[in-house]
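Labels for the chains are A, B, C and D, by order of writing; each one numbers its residues from 1.
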Amino acid sequence: MSAGQPPFDAPEIRRLTPVIGPGHTYGSVTDKISAIVLTRPTSLGWFVGFSIAFSLMGLMTVAIGWLVIKGVGIWGINIPIGWGFAIVNFVWWIGIGHAGTLISAILFLLNQKWRTSINRFAEAMTLFAVACAGIFPLIHTGRPWMAFYMFPYPSTMGLWPQFRSPLIWDVFAVSTYGTVSLMFWFVGLIPDLATLRDRSVRKPLKIIYGMLSMGWRGSARHWHRYQSAYLLLAGLATPLVLSVHSVISFDFSIAIVPGWHTTIFPPYFVAGAIYSGFAMVLTIAIPLRKAYGLEDFITMRHLDNMAKVMLATGLIVAYGYFFEFFLSLYSGNKFDVFLVQQRLHGPYAPFYYALILCNILTPQLLWSFKMRHNVVILFIMSIVVNIGMWLERFVIVVISLTRDFVPSAWGRYSPTFWDWATFIGTIGMFVTLLFLFVRVLPAISIAEMRELVAETSEDDK
Amino acid sequence: MLHRSHIYGVMGEFGTPEELIHAVEKVREAGYRRLDAYAPFPVEGLSQALGLKRNLVPAITLLGGLAGGLGGFSFQYWAAAITYPMNIGGRPLNSWPAFIPVTFELTILGASLAAVFGMLALNGLPQPHHPVFNVHRFSHASSDRFFVCIESRDPKFDLADTARFLESLHAHHVSEVSDD
Amino acid sequence: MAQIFHRSTNFIARFSVFSALFLVGVALVAVLAVARSPYMTRQNVTREQPVQFSHKHHVGDDGIDCRYCHTGVETSAVAGIPPTKTCMNCHSVLYNTAAYLEPIRESYRSDKSIEWVKVHRLADFVYFNHSIHVNKGVGCSSCHGQINQMPLVFQADTLLMKWCLDCHRNPEQVLRPKDQVFNMDWSAPDNQAEIGAKLREEYKIRTTADLTSCSTCHR
Amino acid sequence: MDGMREHEQHDHIDGQHDRNEPAGDAKPHESPMDLATVRAKLQSKTGKQYWRTLEELAGDPQFAELLHREFPRQAPSEWDDSVDRRDFLKLMAASLAFAGLSGCGRTPEQYVVPYVKQPEGMVLGKPQFYATVMPFGADAIGLLVESHEGRPTKIEGNPDHPSSLGATNVFAQASVLNLYDPDRAQTVSKFGEIQTWSLFVDNAQAIAAEMKVARAGFRILTGIVTSPALAAQIQSLLTLFPQAKWHQWEPAVGDGTREGAKLAFGSYLNTVYRPEKADVILSLDSDFLGSGPGHIRYAREFSRRRKLNGPNDTMNRLYVVEPTPSVTGATADHRLPLRASEVELFARALAARLGLGGSAAIPPDAEKWLDAVAKDLQEHKGASLVVAGEPQPAEVHALAHAINATLGNVGTTLYYTEPVEAHPANHLESLRELCTDIDAGRVETLLILGGNPVYNAPHDFDFASKIKFDEKKNRKPVKNTIHVSSHFDETSELCDWHVAESHYLETWGDARAFDGTLGVIQPLIAPLYHTHSAREALAAFGDKPGVSDYEVLRDRLKAAYPSADFEKFWRKSLNDGVVAGSAFPPVNAALKFNVSSLAAAKTTPADDIEFLFRPDPCVYDGRFANNGWLQELPKPVTKLTWDNAALISPKTAEKLQLAHNVAWRGGEHGKIYSNVIDIALSNSKVTAAAWRLPGQADGVVVLPLGYGRKKAGYTGTNKGFNAYAVRTSDALWTAAAPSSAIKKTGDDYPLACTQYHFSMEGRQILATGTLEDYRKNPNFANEHAEAPPKELSLYKGEAEFPYDRDKWAMAIDLNKCNGCNACVVACQSENNIPVVGKDQVMRGREMHWIRIDRYYEKAKSATNDPSSYDESLFNPPTFFQPVPCQQCENAPCEQVCPVGATAHSAEGLNDMTYNRCIGTRYCSNNCPYKVRRFNFLRFQDWETPQLKLLRNPEVTVRSRGVMEKCTYCVQRINNARIESEKLNAPIRDGAIVTACQQACPTEAIIFGNANDQESRVAKLKAQQRNYSLLGELNSRPRTTYLAAVRNPNPELESA
């Protein structure tokens, strides 16, 4: 907890808890945020953290290289469990990505002021998460060098992708999602890049930021079109973010495997995605505001709101679990019923219980105001939820495959060293990119903060 | 630009959005038409003050979306049912329900691309060089200052008068904007 | 503040944006083009052979029937490269001292096979059957081109899957009367469309769906 | 081409890491040699020098070792490879493949190499079929062998041969792999050093000369010989050296059969059964449907009586008394688990019950069973059959003969003939005599034709010491020892000379089938290496050395079957594979045997454990140990691969606290850890993994023979445990010992088991019922799992795909299948299916396109684990279900493939296009039958030259990263279709026979055109017994099953 925070006990103060610290002017926000990138010296902590993350990323490249040499057989997958860690991680990462788009798009449409100070790095997080996710569908194929068969191009064979397959839907959904998120993020960055261009003293920096900002000069006419474009993007990103994880969930719900083939998946995958996404935003925001002293911009109000969103989505997820459970039993489908029993009594039961603990029981603490306002608790909670959501995907992907229709074909799955190496490696990649991001780009949207200053000052009058 | 002079215009600097809007209104009342305002963030009411009409970005976006969607579906139909019809698990050649997700995604993609690139194009970006950058204090336009620039193309433009006029609006600074 | 960029950069910037997009497009097209180019398909590329055997001479001038050497063509999947013996049938008498035929005689003496360079090559996972095509009125020249004009055999077509499909989708365009199958100079008559249709009936050629099923060529 | 050679070299170098050669002649401290260095050594030299260098090399043990590992392994062990050059070659190969497949890279030039003089009657690209026979024990299996451009690639049964009737068994199917086994011995060698054949012949002649003088000490040791030609040759040698003796030792065939006949009839006689004629059959520990002479034919005949066209049809009834589950036991209508020794008691009791005198006390719970059987047999006099098992002692066989006689079965359901064996004898005594003679120094020269006595002789004989150099006496017990065998094995090591033996597909010869029919062995390929047949080796000692098998055979036939036109007779015999009318006529055998005169039976104390020695269903007596196909073949009942295990009944295991636990990787479909036990028998010990086997008699431990080879080759060495190590002459088949003989070591051993879960979990997987059920409700199989109505489809109203031409479909009659596995190996051979090795099987990655599921009906459910004993596992009804790709019309796999690599053909085949597959494995996940197989690593061996010869050119060889599965043998379909199209004629029923169907002894698998109402498959599918596996999923499989119907005895059922 940083100093200078008002005490949070009296409800009226709670209501007035601002989304931006008191006494800020256009200049001060500009200085404070751009300073992180331009003037502030790179701390030792940054280097240490970065090098750790980077070496993990190195581990990933080794793992992938070995994979290309030997084949996916170096993983724990087998028949019947054709999908293991790769798909679990893929779904997990994509899910994490969702919070960014959601914060920047949906909250923008809902005109939620408090999004302003977190949307920038939330969007960055989205991009990096999608990048990590994108690796897995590619390398999990038996012949990654042939993966381009999945793209519609005029081949010498006169063949096209098979558009009935959810995997093709994935290809389009994920690539669209990546592109749109990137554009959304970049458009938001343009004015800030201009700021950096104008405030940086060193010529090379001026040139680089100058090129990136494309000569933005804050013309009223530009702002005019810029705003409508940004609004439209937000409007488009909102259905997109909902569709993407629905499509991901089709990978399972379209299939006939017991435990996969259920209609509840799309909504509860989306909810789960936002759930894990917000958890990840918290995981990043809490250390970030501490490290760079941004408590004024990322206030307890933000953390509190995010915690509430987590609680809400967590409850939707809980409902999803329950409904899935109920449907299986209610359907009377002997395969589904059996699978439910397997989750409770089968060899992988501990994972299911751990999942319930992480995703449903622990988050209930968030009902308490005190908990929501204890940064440490929030941080731990966010990590717990991330683990929980990973377990959810593991339970869905693996347990379902271990016990399907023909008992003679039942098997088991356990990850190999290379499964872990690839997974941890992507985490390394994610963190590496984050470190670079906070170092070279404003982690908070300066322009929007100025708007906020303007509005708050109006409020004062 | 059609006619080129050494002077691009005259620029006045203001401290707050309110001052800016007030200034712009005054300038337009004075009959100036070729002018632009610069702010570090979108200032509410500024567009009206400048008398800007609604822009084309939404229209372009709509077209992009339509193109993506229609193109997407018809391509899938063509690939699955016309160019190489295959019996996939007994499903009909035109399994349109299965084509919906891709169609949807392509709609979004088309619209988004149109929105962004349309916006940039209409704004004439990228444009790294611009006369206003010649003004020394203009660097504050991206942090905490607000500017009005009356361009020399304006028929009413006269370097001395216009400058004086701007000062009369309590501009903190008035500076001429050279164009080379 | 001073200008960071010169005026010209405005043009350069916009130009580079467009050219970037353009170049990407060009690159993609190039890749697709190369895959279809003779470099990849070896279309129209003549190859050096251990013996400069001229189909032009043997087929064109001497009028030897394809089946004299390629004995399997009507009965088997492979037409078959003739054994040295077949060459010697004639060349034990004709040109039996010609230097350029020494490899043949050498092979015959030493009982070592001649290593011909393979011209018409399909991937290992493609199972092409000569006999069914020949028996259903698809002529040699439809795929191999006018061999009787080739001093050294080259591949007249791309042999890409797309190319195979063209015929399998509408065989009518190449079907001929059975007696024309081995005629190298056959060219489609003007009314090929209707003749082809009739022949397709007559030969009981299967539906396009049958002919374009994966397992028709891949096993 | 050069690249290729390079490639091989690397392999030899790497070979050393991979191959765990027993520390034989290779000196560890010296850096081993590879072909490169050999070439280097030789290049410099010329003329004389060259040859001298070669001599030196030949003398160099390393060179011998090099030749030994001349060829890399047969089962790729991708997993434990270290990163080596091969990996990078693989990477290159991968990128090349990428280029080739995508058409985005230029592939190197290829060459066509035509014949110089093309053989008569050969059409390039068309396979040819030749008839031959595979000698096996006291039987010979008639075969038609498919040959591509002179390479035998596939074994099929010969319909004209009595012991085949067109079907085969696993050994026949896999024998073609033996031909191309890279580890085969390839030259004549002396003390492990390469010699020339002529040197051997000279040496043999020298020995022969000595013999003529010494007139003594020449001994020949063979297995069972049914080849008249070979026998005649041996006889001629015996006459040449009057003191010479012919010994025989066949480790896995009991003397009981022979001695039983002698005991019953006073002379050796051969028994031929006619199961087809029997209504009631009792098997006394006989696996007559799964092994032993004529079993393929017996299975066929038996299954004909299990055929049901409708509820009114009748079935035969099979009772089986056996200590350990066999495929015969699994097929039985009533199965009674008894300890091996109790089987004899049961036989005596039955004899007594049938009024043959004698008496015996049997377990009380068997009494009721006995009554029912006795009654049933009596009611079917003349139409019943009692079969005694090979491992059973002579008494049981004699009793069986007596019982069959009283039941009047002789002449109807069985008949007797002269012995098929050329020289019937008591093998145990024969071998014992040899050993005692050697000890007495009476043996000068020992010629071992085939076999591997050092490995498989009773261990109390200590055969190794009989031929090994004796340090103490400082001399060799036998002056000259010659071993003729296909591999340089445990015995070869200890012999002076080793003659690499030719494969039966490389030689001329003859062999008698179980009924005496003479089959002609004709070579399909010239010997691949410098190998020679046993006949040639014999001839080397005779007065006509160098006489060819061909002449020997023709002379023999000329003599035996004088005919006006011998050439015509010869050609016909070659063409048919059998000599017409050569079957032995029945002889009437007078029973000279009185049951009551039998001495009291040997019994095992109640609380002792009985240890049974049985040939392994996959590697037999060990001769197939180096055969990857058979090693990886799941054993019919246990579903174990790559190992044998001490089989113990769940109850006994519970007593001994022996358990399994399921590994996390692979799990139920792959890797099971089982407790390791020490078994101490007759002052010898063996360490084995214990396996709980439901249905095994309590107090019985089965020790399968044939494993624990020390020198079998890359694939077979050091797999499993060697049961011979505790097998003694006084207890060849059954050894009794107190349970203290079994000690837990505390270790666990991972076993590769392809199906551990044996309960159907109450699902409609394998529909079974009794004959009454079936008659009451013929539709019972379809009642739980109907496909949903089409109105429920999202696409209802849409036009369906017509499939109006040929509609390929398969029907599998579960009533006939006995789980013999022939189809699995046949499929592996036909479709170039790789062997993946134990480690990969344990990860659940075996590649078989058709698997045979084994379920125990009524076995307790849940996540059932045999580790917890349960009464339902005492004697559970066992069923087998072959599962190939079901070729669903609404294929779930196709819908989810992103690239359309699997799609339907116009005839409704579920095509799998490997070259389009990118390996997402989504199809496998979505396949409810889990019949798809994925190349997780590069399983195919692309380097070993011999294995290239083995491959079927009609089927793509799959590489890493692609999915594959059963295609209904689409290559056969296409060829048949092309032929029919040339004639514009429809494909007649039976023109297409899939590999599995072709191999099936019981005709359980029928393939054909479902649109043709006259086709066999359409008729079967029309039956009410016909049902779809998981039909409720609406996948509409083209492969359907006919419910298994058992015909229990109502008297036993009631209880």
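As a convention for this text, contacts are C-beta pairs under 8 Å (C-beta built on N, C-alpha and C of every residue); 3 or more make two chains touch, one makes a residue touch a chain.
Keep in mind that this is a model prediction, so the values were computed, not measured.
A simple rule picks the central chain: find each chain's mean C-alpha point, then take the one closest to the mean of all protein C-alpha atoms, which gives D.
A comparison of the B-D and C-D interfaces places the larger number of contacting C-beta pairs at C-D.
Averaged C-alpha coordinates give centres for chain B and chain D that are 80 Å from one another.
Between chain C and chain D, the centres computed from C-alpha atoms are 46 Å apart.
One finds 53 Å separating the Cα centroids of chain A and chain C.
Centre-to-centre spacing of chain A and chain B amounts to 30 Å, using the average Cα coordinate of each chain.
Residue numbers of chain B whose C-beta contacts span two or more other chains: 84, 86-89, 91, 95, 126-129, 133, 138-139. Touching of two or more other chains is recorded for residues 1, 4-5, 10, 13, 35, 160, 165, 209 of chain C. Multi-chain contact residues of chain D (touching two or more other chains): 101-103, 892, 895, 897, 900, 903-906, 916. A complete topology is adopted by the chain contact network, contact being made between every pair of chains.
By the touch rule above, chain B contacts chain A in their complex via residues 17, 36-43, 46-47, 50, 52, 55, 57-58, 61, 65, 75-76, 79-80, 83-84, 86, 88-89, 91, 95, 98-99, 101-102, 104-106, 108-109, 111-113, 115-116, 118-120, 122-123, 125-130, 132-133, 138-144.
For chain A in complex with chain C, the touching residues are 153-159, 197-198, 206-207, 210-211, 214-215.
Those residues of chain D that touch chain A in the complex are listed here as 78-79, 83, 87-88, 90-91, 94-95, 98, 101-103, 662-670, 755, 757, 759-763, 765, 840, 843-845, 851, 853-855, 863, 881, 883, 892, 895-900, 903, 916-922, 924-926, 928-930, 932-938, 960-963, 1029-1030, 1033.
Within the complex, the chain C residues that touch chain D are 31, 34-35, 39-41, 47, 71-72, 75-78, 80-85, 107-108, 111-118, 121, 123-125, 127, 129, 131-132, 135-136, 160, 203-204, 206-207, 209-210, 213-216, 218-219.
Residue ranges of chain D in contact with chain C, taken from their complex: 100-107, 109-118, 123-126, 805, 903-907, 909, 911, 913-916, 954-957, 967, 970-971, 973-974, 978, 981-982, 984.
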